[in-house]
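Structure in structure tokens, see below.
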Amino acid sequence: MSTVLLTGFEPFAGDAVNPSWDAVGLVDLPGVSVVKQLLPCVFDESLVVLRQAVLAHNPSVVIAVGLAGGRDVITPERVAINLSDARIPDNSGRSPIDEPIVDGGPAAYFTGLPIKAAVAAMRTAGIPAAVSYSAGTFVCNHVFYGLMHLIATTAPHIRGGFVHVPYSAEMTASAGASRPSLPLHTIADGLAAFTLACLQTSDDLAVAEGTLH
Amino acid sequence: MSTVLLTGFEPFAGDAVNPSWDAVGLVDLPGVSVVKQLLPCVFDESLVVLRQAVLAHNPSVVIAVGLAGGRDVITPERVAINLSDARIPDNSGRSPIDEPIVDGGPAAYFTGLPIKAAVAAMRTAGIPAAVSYSAGTFVCNHVFYGLMHLIATTAPHIRGGFVHVPYSAEMTASAGASRPSLPLHTIADGLAAFTLACLQTSDDLAVAEGTLH
Amino acid sequence: MSTVLLTGFEPFAGDAVNPSWDAVGLVDLPGVSVVKQLLPCVFDESLVVLRQAVLAHNPSVVIAVGLAGGRDVITPERVAINLSDARIPDNSGRSPIDEPIVDGGPAAYFTGLPIKAAVAAMRTAGIPAAVSYSAGTFVCNHVFYGLMHLIATTAPHIRGGFVHVPYSAEMTASAGASRPSLPLHTIADGLAAFTLACLQTSDDLAVAEGTLH
Amino acid sequence: MSTVLLTGFEPFAGDAVNPSWDAVGLVDLPGVSVVKQLLPCVFDESLVVLRQAVLAHNPSVVIAVGLAGGRDVITPERVAINLSDARIPDNSGRSPIDEPIVDGGPAAYFTGLPIKAAVAAMRTAGIPAAVSYSAGTFVCNHVFYGLMHLIATTAPHIRGGFVHVPYSAEMTASAGASRPSLPLHTIADGLAAFTLACLQTSDDLAVAEGTLH
């Protein structure tokens, strides 16, 4: 049976929780071997932990998940860029500016996952989703780019990619805030549908999911 | 046992569904007598149907629910204004402009429900909510004002008010859209928590829930 | 010649400037007698200063202007409500909750200005504008309600109302922020067009400017 | 004297105007040789026209400008990706899906312009601006990628890049809409400040302008 590695992040930016990890914790896929790994919200260490998990479990699919607070829906990322530019410090206090993630690496990697089919699967399950074309320049993009570089250079049989999730409704309620969010179990159901679609799809759908800007 | 009347609206503006009615349909409150009534999205007829339901069931609490597409969270309304100004036609094709809802009625009514306690109860249940200070100038505000006027003039023992709900996640997924929304059952759970709080609270909480503008 | 009283607010909420007052300062209307008055961002004192200015200048039109940070366009307000509910302290440190502005006053007053004609005039001048149906529950609404109550009870010959303006582009640039804003002189040009339309319009336009929610 | 080539787009998506071209038309830089070129909003033809303009004028700096309707501020783009995915047809009716812009080209190019210094210069001039990390997947990104590929492969002495601008306030007013926008002359002043900064800056500022997601 093929193994899927799902990663989520620890809290950052002063939050008490991170719905990326909490939702990953709720993903339940009977018949699928799912390994879950928490990543530190630290530029270099996150990739060290990710690489160790990939080596330890030899997954066929790796799906890294992170929080994109403020987004309305679940957003699989299409492209990782070779650049870190931190608006806030990571959890170790480091704030790289204009640093490449891999010296001499390509400017970008496209996702290795069938994200259009996966978006369609989430929508069919009643869970709002859309393709995103920027994973930012913080630790999420760092992990995404590092994962794709690891795959490209050492493990091309692995299919990997990144998914951003909105704030959880529970966090929004607890903060007394008015902002877009989805319940944790809805996010988890979305990640489950996403994962299954990745396992079941060889060639991605050729449907329009672009953005005007 | 006291009776609660919950109303929701039929679809409008070209939508196939209206989450206000669908969520009301899912509200389940063991031990509470809940009557549910669909309202047409038509200026005058909506109030005719509402009045009939109030007469027929003699509820102690009336909670009218409507869709506020684009809002992030569940928003109990604090104030109804004596004005209709339709940006789009109602479902009968009528588009009143600058019309009072009740000729000679007061400019506004404040809600009769303990909405701050109810917002707190929804948040405690993990469901994001916030007080709103405008119910708009379409059929929702019309029903809200008409309800409060009915109560003020004929049934002051009834406690009544209005709650706006966001798009459902299911509608957003089906539309392939990227916009704020909550799953239908989350909205229903929010309405249940709201209803219970109304039944259990005599004096509303005195906490800040205002807006700067 | 008839006199117009324009008021703006001092900075609040930690801002160094308030574009409502800065834009009022730039309004230039040849042939019109314009008196400009700064208001403190303090619940009761703001109305004391406003009343003194009205008494001193005997204006035929009073237009109070305030900042609605985050709004996209210039928004004349249609309705003032008899309620203060402060999310943050005013500049004197006071945070009223659930307080009426005038004990025993009506729940709301509608604006006395031809705001639909004024919105049309701003748009014709190339300046984006829209009618708003909530002035919030902070000092802006307090001044708006107090002004309308003053007019209703002591000076019914005065036409008065309130206009919210967005952040200035200059504030947004200085903050390094990404948020909606308009240049100060554009806001001032909008207020000038608004003022002229109020002077030149007796009966407001009967066009749809409502909101669905 | 060195020459700067500024391009803007023709209207698309049913708009009557395109503020990118209208603002370029207003840019006035005494002492700088500025050439202005209109581009069709057509995938391949836009690059044909751009290449001809580059060949004809031999500019030292090329700044392509496009509309990003809905954005709050002027947004220089940091990265172009080798992908077209059209949500709507271009002006010739073509809607490429998942097509590379250059077969075998790199996945992405970073801008060749000192956009952080240019953002700082715009802010100093009171014009709101921020770095963007996605130019979308429509004709804007197509032109941006094509420009950077042209420079990389045939004219490495040219510094080139792309800037997205918001809706103009005039378009927003004319549409009666409520959405973020800036006056055309403010956009033009921003582009002028941007251009000057590009001419005067050799090494870009090393300041944080990243995004969390």
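Going in written order, the chains are labelled A, B, C and D, and every chain counts its residues from 1.
Heads up, the rule we're going with is that a contact is a pair of C-beta atoms (placed from the backbone, for glycine too) under 8 Å apart; a residue touches a chain by one contact, two chains touch by 3 or more.
Because the structure is predicted, anything quoted here is derived from the model rather than measured.
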Selected pair, out of A-B, A-D or C-D, that shares over half of its residue contact pairs with B-C: A-D
Chain copies touching (chain C, chain D) - same or different residues, decided at half shared: same
Mean-CA-position distance for chain D and chain B (Å): 46
Rounded Å distance between chain A and chain B, as computed from the means of their C-alpha atoms: 37
Geometric centre distance via CA averages, chain D-chain A, whole Å: 29
Multi-chain contact residues (two or more partners), chain A: 71
Touch-based graph of the chains, sorted into line, ring, star, complete or other: ring
Contacting chain pairs - touch in the sense defined above: A-B, A-D, B-C, C-D
Chain D residues within the chain A interface of the complex: 13, 66-71, 78-79, 81, 83-88, 95, 97-98, 106-110, 133-138, 140, 164, 204, 206-213
Touching residues on chain A, where the partner in the complex is chain B: 71-73, 75, 122-130, 169-170, 172-174, 176-183, 186
